[in-house]
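Here is the structure we will look at.
Naming follows writing order (A, B, C and D), and every chain is counted from residue 1.
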Amino acid sequence: MSEFQPRDPGYARRVRDSFERQKIMGLLGASLARVEPGVVAIELPFREDLTQQHGYFHAGIVGTIADSAGGYAGYTLMPEGSSVLSVEYHMHLLAPADGTRLIATGSVLRSGRTLTVCTLEVAIEKDGRSSRCAFGTQTLICLVDRPDGPKPA
Amino acid sequence: MSEFQPRDPGYARRVRDSFERQKIMGLLGASLARVEPGVVAIELPFREDLTQQHGYFHAGIVGTIADSAGGYAGYTLMPEGSSVLSVEYHMHLLAPADGTRLIATGSVLRSGRTLTVCTLEVAIEKDGRSSRCAFGTQTLICLVDRPDGPKPA
Amino acid sequence: MSEFQPRDPGYARRVRDSFERQKIMGLLGASLARVEPGVVAIELPFREDLTQQHGYFHAGIVGTIADSAGGYAGYTLMPEGSSVLSVEYHMHLLAPADGTRLIATGSVLRSGRTLTVCTLEVAIEKDGRSSRCAFGTQTLICLVDRPDGPKPA
Amino acid sequence: MSEFQPRDPGYARRVRDSFERQKIMGLLGASLARVEPGVVAIELPFREDLTQQHGYFHAGIVGTIADSAGGYAGYTLMPEGSSVLSVEYHMHLLAPADGTRLIATGSVLRSGRTLTVCTLEVAIEKDGRSSRCAFGTQTLICLVDRPDGPKPA
């Protein structure tokens, strides 16, 4: 059970709708694996066009799904009608992201009215085993007067 | 003029070859804009499939080209036969990446035998104007006994 | 000349008064070396009781004066009646802080209504030469409804 | 039980000796609260001369004991005859450090031959309750050819 109580009972729908609007997730092939109050996970199967020079997942792609996982973890606890932006994120690459699937989990560490801080953990699966390949932190800001979705034309 | 003297006169070829091996750069549409001793810039034209929920470049994509720009800035100063990995990178998102082209510039701040530290600056172009949208730092490690390129099968 | 225009013409007095209230600065022996719109520097002469295990300035003390320098750099641009808090700070230790005096300079990179981002540069002086020993970044929050100074008893 | 096996059975003595050499710990009044393989905690009672402008522990002092806690957590796993340096550390200040005692705990996340990554957690005690006031991460480097202790004169 989560230690957090979402203010908006429709938080999961709100997160899933916003995730759909992140076109980059479709390009990469990422999907939501878990949406709970204060915790969101995103998974990403290996593809050769996601790699760096050694043939592993690129560190920036590890960071991309981690940043979204943390952003949506924070967003589960934000009010209806708000949107979320990353203020900063920081990734430690602990081991080569060498495997068949990445799973990034964002977890809220501190939830405030304006700022939220998350931890970002990334696991890589290979030969049926999962191991941590990256860890980081992130600061988010809640925009209360800015609905999620594209700006009006 | 750069303050750094590359040990390998073939540094630019080495960087360009490695960049070609980063398959993710092709998927995103990124290209090398500048390769000098201690400084590398990568540019990325806007595409809708690179966006987050508001229709701007996703923060993770900003970080992806910044991480590669810094990695290759460090790599210009590393010896022939080595390869480079990111140990950690940290991005501050200063303004929405709302525009037609991103340019990420990695600059070496400290070049050591084992570790290199870079600054990462990202500008966004819109309506003929360029402005800073992100800033960060990065630590790289030089692997002297690990040639660049895919692991043997 | 600074690129920033302070909103409060009494910014320097406000910074100096707040610095006086940071009792830790007195314990360490740190003093303000520069107060300009968006830029503040703090200097700290060497003392043996500020050292780590090799006899150099401790990395945390390097971070302490850097954090205050950045905090006050941001504070120069904040309105009268506000106070400033660090949200996060990140230090890269580029070289041993081996010398007779540290100078930490905080410079505003982005000044917003709520959040400010600074760079933190630290130089060490030894044998009449100054060299960079640390570099970092910082996020600050402006508390508009919280006057600077101790909480009421 | 720890998941880590120290290579040097005398790790605790080595950590305690090095901590004694960190003169800054004496100035602040900090002491070792826990030394286990991969985990070290440092505690620091409140004193008015450790404060920032609102009368709380200064963020830099929170970072100072966290940096040492992480450094010594990593050092427990390093070989005899080595020494440890911080490459970078990053602190999120989650809540004001308002209380009577700080406890910083460094925990090894990844232990490598050259580089170690730690998490840094800081709790503040007030009115008999303990709560998290800061969280961060850190990268350490093991210097195998550099004994701990002051450089020769």
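Note that in this section a contact is a pair of C-beta atoms (placed from the backbone, for glycine too) under 8 Å apart; a residue touches a chain by one contact, two chains touch by 3 or more.
Only a predicted model underlies this, so the values are computations on that prediction, with no experimental measurement involved.
**Student:** Report the chain whose CA-based centre is farthest from the CA-based centre of subunit D.
**Tutor:** B
**Student:** Please tell me whether B-D or A-D has the greater number of C-beta pairs in contact.
**Tutor:** Between the two chain pairs, A-D has more contacting C-beta pairs.
**Student:** Would you kindly tell me how far, in whole Å, the mean C-alpha position of subunit D lies from that of subunit B?
**Tutor:** Computed from C-alpha means, the inter-chain centre distance equals 33 Å.
**Student:** Suppose each chain is reduced to the average of its Cα coordinates; what separation in Å results between subunit A and subunit B?
**Tutor:** About 22 Å, centre to centre.
**Student:** Could you work out how far the Cα centre of subunit A sits from that of subunit D, in whole Å?
**Tutor:** 29
**Student:** Could you list which residues of subunit B touch at least two other chains?
**Tutor:** Counting only residues that touch two or more other chains, subunit B contributes 87-88, 90, 92, 117, 137, 139.
**Student:** Which positions of subunit C touch subunit A when the two form their complex?
**Tutor:** Residue list for subunit C touching subunit A: 87-88, 90, 114-115, 117, 137, 139, 141.
**Student:** Using the touch definition from the top, list the residues of subunit C that touch subunit B in their complex.
**Tutor:** My answer: residues 90, 92, 94-95, 109-110, 117, 119, 132, 135-137, 139.
**Student:** So in the complex, which bits of subunit B are touching subunit A?
**Tutor:** Of all residues in subunit B, those touching subunit A are 18-19, 21-24, 26-27, 48-55, 58-61, 63-68, 83, 85-93, 96, 148-151.
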